[in-house]
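Sharing a structure, written as C-alpha cells. Questions coming.
As written, the chain order gives the labels A, B, C, D, E and F, with residue 1 at the start of each chain.
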Amino acid sequence: MFYSDGKLQYPVRVDNPDPLFARALQQAIGGVEGEIRVAMQYFFQAMGARGPKKYRDMLLNTATEELGHIEMLATAVALNLEGAPSSLTDEAARDQVVNAALGGMNLKHLLSSGLAAMPVDADGVPFDMSHIYASGNIAADMTANVTAESTGRVLAVRLYNLTEDAGMKDMLQFLIARDTMHQNQRLAAFEELGGHEKAFPIPNSHAQSEEAQKFSYAYFGHLVDQPVPEGRWTAGKSIDGKGEFTTLNSEPMGEEPKLAPARPGSGAQESQMKSTP
Amino acid sequence: MFYSDGKLQYPVRVDNPDPLFARALQQAIGGVEGEIRVAMQYFFQAMGARGPKKYRDMLLNTATEELGHIEMLATAVALNLEGAPSSLTDEAARDQVVNAALGGMNLKHLLSSGLAAMPVDADGVPFDMSHIYASGNIAADMTANVTAESTGRVLAVRLYNLTEDAGMKDMLQFLIARDTMHQNQRLAAFEELGGHEKAFPIPNSHAQSEEAQKFSYAYFGHLVDQPVPEGRWTAGKSIDGKGEFTTLNSEPMGEEPKLAPARPGSGAQESQMKSTP
Amino acid sequence: MFYSDGKLQYPVRVDNPDPLFARALQQAIGGVEGEIRVAMQYFFQAMGARGPKKYRDMLLNTATEELGHIEMLATAVALNLEGAPSSLTDEAARDQVVNAALGGMNLKHLLSSGLAAMPVDADGVPFDMSHIYASGNIAADMTANVTAESTGRVLAVRLYNLTEDAGMKDMLQFLIARDTMHQNQRLAAFEELGGHEKAFPIPNSHAQSEEAQKFSYAYFGHLVDQPVPEGRWTAGKSIDGKGEFTTLNSEPMGEEPKLAPARPGSGAQESQMKSTP
Amino acid sequence: MFYSDGKLQYPVRVDNPDPLFARALQQAIGGVEGEIRVAMQYFFQAMGARGPKKYRDMLLNTATEELGHIEMLATAVALNLEGAPSSLTDEAARDQVVNAALGGMNLKHLLSSGLAAMPVDADGVPFDMSHIYASGNIAADMTANVTAESTGRVLAVRLYNLTEDAGMKDMLQFLIARDTMHQNQRLAAFEELGGHEKAFPIPNSHAQSEEAQKFSYAYFGHLVDQPVPEGRWTAGKSIDGKGEFTTLNSEPMGEEPKLAPARPGSGAQESQMKSTP
Amino acid sequence: MFYSDGKLQYPVRVDNPDPLFARALQQAIGGVEGEIRVAMQYFFQAMGARGPKKYRDMLLNTATEELGHIEMLATAVALNLEGAPSSLTDEAARDQVVNAALGGMNLKHLLSSGLAAMPVDADGVPFDMSHIYASGNIAADMTANVTAESTGRVLAVRLYNLTEDAGMKDMLQFLIARDTMHQNQRLAAFEELGGHEKAFPIPNSHAQSEEAQKFSYAYFGHLVDQPVPEGRWTAGKSIDGKGEFTTLNSEPMGEEPKLAPARPGSGAQESQMKSTP
Amino acid sequence: MFYSDGKLQYPVRVDNPDPLFARALQQAIGGVEGEIRVAMQYFFQAMGARGPKKYRDMLLNTATEELGHIEMLATAVALNLEGAPSSLTDEAARDQVVNAALGGMNLKHLLSSGLAAMPVDADGVPFDMSHIYASGNIAADMTANVTAESTGRVLAVRLYNLTEDAGMKDMLQFLIARDTMHQNQRLAAFEELGGHEKAFPIPNSHAQSEEAQKFSYAYFGHLVDQPVPEGRWTAGKSIDGKGEFTTLNSEPMGEEPKLAPARPGSGAQESQMKSTP
C-alpha cells in the first residue's frame, strides 16, 4: 500500500519559465528513458519477484522513490508553462528571445492539458507500457535497470546542458546524483547475485551442456572483404569465465528454406498452389 | 551495403508442425525480447556511433548476423503452420492432441499472413520501433545490449523448455549459444571501455562535481515502519569506486507545489482562476 | 447504411491560411478529444446497444452528425495549408509574421499528406481506436460521452482563443454550440436512465449486498501527516442516495504478498528457486 | 513524495490458481478500464490542478490508493499463474477441467514475465498512456473520472461473475465497493463545483454569447425517412438550465468544399495541378 | 454531411452464434485489411483530393458505402456473441463442440464491450489510424486502394472458408463481391489517370531528367554466389514505357561513413570525443 | 544469411548540415512511406512466399538492397545533425538563417539519440511494424509493394524539393531512380502473374461463382440528391475482363439489426435486460 505527503522530495524552482524547456522535460517524464518507465518497471519487477525477498524490497523501495521524481518533473513542466502564449497573435508567440515561440512548444500543452505535464515524450508521443521490462529473471531485470538508469542519466545530463535556468539546473543536479546511485545500486545487486562469473550467462539455471557449445564463444564475421577486427571480444577468456573467445567467418550451415505450396482454400493465388522447381 | 545468400545460418527443421508453437515463436521475432529488436538496435547504434570505429564495426557485424536469426525464426514459424486447421469444422480445429486447436493459435496467422510469420509478438501485438535503444552514448548502448541478450536468452530457454520437437530444440540450442556469446561480447566491450570504474557513472563525460554529490551514493528508504534492509547497496565502496554507500530515511526536502491560478481564456472552470488558500 | 451529399453541415471559411493553425486543428480531428473519437465512439456504442431502442437511435444519429464534423475540420486543415512553404529556402519558411514557419508546422502535412488533413493529433501522433469507449453498459457509455463532449468543448474553446481568423472563429462557434448540445443531450439521457439515484452505482444490475459494503462510502486518507481535508465527499448522504460518506485513515488490511519460489525450468536464476526467509 | 509499507490494502487470496483468470485479471491492470489508468489519471490531474487546493488533494489522495490496487491485482495474477503448464506436453497443458490449457492462457505470462503480472490488457496489448485524461479543466476531469470508475466497476462486476474462486470473489467485492465510493466521490465533486447548472456547459468560463447559440440546444436529425424519435433530449429545459431542447432535420448549411489545385512541386500527379470544373 | 437510415445494406443473419468466429470477424473490422481502414482511407483521400472533382466524388461515395460495411460486420459480431459463456464454470466454457470455449474467444468481448464489436483486430489489437494512406497524390492513393481491396478480399475469402454458418457465408458472399467491384473500380481509375505509361512513375510531375537515370531501370543483384535470376523485371521494356530493364551486380559506390567525434557536453563517453583512426 | 561491407551503396554528402532537414529525412526512415517499411515488408513477404521461387528471390534481393537505403539515410541524418544547437542559449538555437532553430528540430535528436538517426518519422512517432503488409497472396503483396514504392517516391520527390543542399539532392536523385525501378519491377511482376485479367480479382483462387455476382461490378451511389457521376468505373468492361460496370442507387437490402436484450450478470444496466419495443 502507498502513502503520500504531497511534498516534493527535492525543491523545484523555475526562475524563467520556458515552454520549450517544458517540452524537453517531457522526455524525462514520458520518454523511454524517463521516470514513468523506471517507477513502473521497478514496481512490476517487485510484483513478480520470486526468490530472495531483499530484491523485492529494494525494487519496491526504489519504485516508490521514482514516483516522487515524476511528481518533481511534472511540477517543473507546469511551472515552465506559466507565461506560454495562448493565441497566435499573442506577442509571446513569436518572441525571438523567449523560447516560448508557439511553433516550438508542444501544442498539446496548450490544447490538451491546459498548461500542465502529460505522460508523453518531447514529441508528444504517449508512453507505452511495453517498455516495462520485468522478465521474472532477477539478473536479467537488473541488466534492464542498469540500462534504464544509464540512459536516464544521459538524458538528465543533456537537459542540464540545455538549460541556463538556475532552478532547473539545481533540480537536475539532484536527479543526476540519484541516477548515479541507482546505477551503482543495480551493479551492486549483480555482485550480490554472484558477479559475472556466477550470474552469466543469464539465465544461469539453464545447463550449458544443452546449448550448442561450439558456437557459445565465437565471434562470427559478417563483414565481407575485410579481416575480423580485433577486440576484447575476439580472443581471451570469456567474461563469464566459462570459455575462450574465438573468431570465424560466418558461412551458412543451413540450406535455402523450402515451404510447401499454398494450400487450396487459403486465399493464395492459384499459381502458388503448385510445387516449384 | 548488404548482401544475402538466401541460405540459413543454421538448419531449421520442424518434425511435428504445431501452430501453437508457431505463436510462441512469434515472441522471439516481434516480442520486445526478440530478434527484430536486436537486429535493428545494433544497426541504429552502429549508424550513430561516434568515436572509435571498432564499436561501430562490431555493432554492424552483429546486426548483420541477427538479420539471419529473424530469417531462421520466420522459417520456423512458416513450417510450424503447415497443417494448421483452416475452418471451424476442420477436424484439426478441435483436436485435443495436436496443439493446433483453432482457439489457441494466432488467428492472424490464418487470416492475415496466410500461414507465415509476422513482425508481431505471441499475442499478435506488432513490434514498435521505440524499443530500439540507441542513445549515442556507447556505454549506455552496451548496457542496453546486455539487457537485450539477457532477456533474449531467457526467452529462448523458455521456448526450448516449451517444445518437445527435436528440430526446434536443435535450432534453439544454436540460438541460446549465440545469446551466450553476445552477452559475453557486450560485457567484453565494457572492459574495453575501461570497466566499471572508468565507464561509470554513465555518461562519464559529465563532471561529478556538478551533481548533488551528497545524494550520489545514498540509499533512500521509502518503506515505512521498517528498517532499511541491508544489501551490497547499503554499505561499502560504490561499484564505480567513487564513493561509499550510505542509507537514510527519505524525508521531503521540498514543499507542496504551488501552481498559479488558471489563466483567463485557457479553457478552465471559472473557479480555477482565483488564487486559493 | 449511410449516405452523404458532399456538402458541409456548416460553412468553412479560412481568411488567412495558417499552417500552424492547421497543425492545431489536427487535435480536433485525431486528438483524444477530437471528432474521430466521438463519431466512432457513438457508432460502436450504437452497434452494441442492447435494450431500449431509443438509445441506439440517438447514438447512431449523433455519430452520423459527427462524421460531418470531421469533414468540416478536414476541409479547414486543407484550406489553412494553402500557402505553406514547401522548401527550406522558400521565403515563407522563415517568415516571422506568418505562422507558417517550417519549424512550427507539422512536416507530415508537407511530406506525407500533400497539404491535407490526416487522422493524427497536433503532434502528428495517429489516433488509436482503443479510445473508443463502448462498454455495453448504456449508463457507463453515457458517462464516457459526457467526458468526450466536455473535453471536446474545452479543446474547441482553446482553438477559438488561439486564432484571430474570422472564418475559423465562425466555424468554431458552431462546433462549440454543438458540444453544448451534446453535453446536455448525454446528461438528459441520464435523467431518462433514472437519474443519479437509480442509475448509480454503475452497473446498477449488480446487487450491492454482494459488495464489501463497509467500504462503499468511505473516503480513505492516504496523505500522511495531515488530517483528511473536508469536502462534499467526506460527509453527508452519498450522491446515489444509498449510503453516508465517512472518512478513515487507510491501514493495510493484508499482509506482504508471498509468492512461491521460481519453478525449475522457468528461465529464472538459480537463486530464485529456493524458498526465502 | 511517496511511501510504501509493502503490505496489501486488502487481503489477496487465490484458492484455485487459474491461468485463464490471470489473463482476465490483466484487463483490470492494463486495460483501458483498469487501475494503471486511474492511478496515473488522478496523479496527472493532481499535478496540473490549478485553483482550489482541495481538488488537488483529493486527486493525489485517491491516486495513492489506486497504486495499492495495482499491487493487489498484480499479486492476484502472480498467484493465479502458479501451477500453469510450462511445456506443450505438460499434462496441464490440455487439461479440460482446469482452465490452464496453454491455448487459452496469455503466452507472454509464460514467455515474457515468468509467471507474473504485466502492464497489458487481457489480450496482451500494452497500456498506452494516451488514456490518461487530464485536461486542466477540473470539471472535465471529473467527468473523465466518473467514466473511469463506471467502466471500472462494470469490469470488476464482470470479473466477479466470471470466477468461482472464493478468494478472488472476496478481493473483487472490495474493489467493487471502492469503485462505488469513487463514483460517488466524483459526483460529489460536481456538487462542490456548483452542480449541473453552474458547471455546464464545460468549460463554464467561455461566454455562451460567443457560441452560435441557435444550435446550442437543438437535436439535429440525421436518420432519414423517419421522424426524430422523442427523448428527454428533444424537448424541455436543457439540463444546464440555460436553454430549451428543440429538434430539426439536418440540412447542409455549407457548400461542397473547393480546394485549390495541387501546387507545382508538391508531389502530386500533373492532372491535379489544373483547376477543375 | 452524412445521413443514415439505420438499416443494413445487406441482410446479416447468424444461424449458429460462435464467439470464436466473432473474434475472427474482428479482423475485418479493425484489422489492417478491414473496413474501418477503407472507410477512413477513402474519406481522408476525398478530403485532400485536389484536381478533378470526379475522384473526390468517387472516394467520398465509396467511403460512405464502407461505413455501412462496418455496420454489417459489427452486427455480425454482436449476433455471434449471443450465447457466449460468461463464467469459468459455465458449461459452454469448455464445450468441445461449440467453438465458444472461453480460452479461444476474445476475453475483451466479455470484459470490455459486453458482447459487442470493438474497433480491434482478431487479437484484440486496436486499429491505428496511421494505416490511413492518403498521400495527396491521386495515383499513389489509387495504388493504396487496390492494395486495401486486394488484402480485404483475401481476408473475406479466408473468413468465408473458415465458417460453415449459412448466414455468415451469405453476408461474406456479398462483401467479397463488393471487393471485386472496388478492385476493378480502382484499376479503372488508373485507366482514367492515363494508364501505366502516363501515370508512372508516380508522381509523374517530377521530371525524370532530375533523377539518376542510369539506375532507373536496373535490377541490382544483392544475392551473392548466384546469377541474377531472370524475370520480366530483368529485361525488356519497362512497364512505364520509358526505359529498358537491365541487371547488374550491386557494388558499393560510396565509402564507409565518417561521423565527427561526439561533441563535448553531448552526453557521450569521453572516449567518443576523439577522432578515431 | 546476410553480409555487409560497411560501405554505402551510393555516396552520402551533406554540404550544409541542417537539423530541420534531418527531421524531415526521418520520414524516409521511419515514416509509413519509408525504408524500414519496404526493407521489412519485402523480407517478410519473402519469408512467407509459397509457390514459384522467383518471387521469393526477387523479394529477398530487394529487401537486401533496401537495408542499404536505411543505412544511407541514417548517415544523412547524422551528418545533418552535426552543428545543431545543444543549449537554449546556444546562438544557433535561434538563428533565423540556419534552419537549426531548436524549436524546429526534433528534440529527441538532441535528447535521446545524441545527434543520430532514430527509427521514427518526421514527428518523432516510432515506426510500427503493423505496416508490414505480407498477406501470403503474392499478387496482393505486389499491390502493396506498388503502393510502398509509389508513396515512397512521392516522399523522396518532396524531400528533393524541400532542400537546396547539393549533396542531399544528389543522394535523393539516386533514391528516386531506385523507386522508379522498384515501381516498374512490381508492375512487371504483375505481368508475370498473368496481368489484370488473370490475376484479378485477388485472390484468383476463389471461385467467383460463390460470390454474390450481381453486385460484383456495380457502382453503388451513396451521394444523395445527385446523379451518379460518370467515370471509367461506371460503364464498360471491367478491368479484370469478367464483367460489365453498372451503376445503381444504393438502397438498404437489410432491416434494422435486432440484438437480444442484455444478459443477466453481464454488467449492463437493469433496463437493458428487457426486450424493447
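Following the convention adopted for this analysis, a contact is a pair of C-beta atoms (placed from the backbone, for glycine too) under 8 Å apart; a residue touches a chain by one contact, two chains touch by 3 or more.
No experiment lies behind these values; they were computed from the predicted model shown.
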| item | value |
| --- | --- |
| Most distant chain from chain F, judged by the mean position of its C-alpha atoms | D |
| Of all other chains, the one whose Cα centre sits farthest from chain E | A |
| Inter-centroid spacing, chain D versus chain C (mean Cα positions, whole Å) | 9 |
| Whole-Å gap between the CA centroids of chain B and chain C | 31 |
| Touching two or more other chains - residues of chain A | 1-9, 32-33, 47-48, 50, 57, 60-61, 64-65, 75, 78, 86-87, 96, 101, 103-104, 112, 114-115, 120, 123-126, 128, 130, 135-137, 139, 154-155, 157-158, 161, 202-203, 206, 222-224, 250, 252, 257, 259-260, 262, 265-268 |
| Topology of the chain contact graph, where touching chains are joined (line, ring, star, complete, other) | complete |
| Interfacial residue positions of chain B with respect to chain A in the complex | 3, 5-12, 32-33, 54, 57-58, 60-62, 64-65, 72, 75, 78-79, 82, 86-87, 114-115, 125, 128, 130-131, 133, 135-137, 139-140, 143-144, 146-147, 150-151, 153-154, 157, 160, 170, 173-174, 176-181, 183-185, 187-189, 191-192, 196, 200-203, 206, 208, 210-224, 228-233, 238-240, 243, 245, 250, 252-257, 259-260, 262-263, 265-268 |
| Contact set on chain B toward chain D in their complex | 18, 20-21, 23-24, 27, 31-33, 96-97, 99, 101, 103-105, 121-125, 154-155, 158-159, 161-164, 222-226, 250, 252, 257, 259-262, 264-274, 276-277 |
| Residue numbers on chain F that touch chain B, as the complex places them | 1-9, 30, 36, 40, 43-44, 47-48, 50, 57, 60-61, 63-65, 67-68, 70-71, 74-75, 78, 112-120, 126-130, 132, 134-137 |
| Touch list for chain C against partner chain F, complex | 1-6, 47-53, 86-89, 93-94, 96, 101-104, 106-108, 110-112, 114, 120, 123-126, 135-139, 193-194, 199, 202-206 |
| In the complex, chain B residues that touch chain C | 154-155, 157-158, 161, 265-267 |
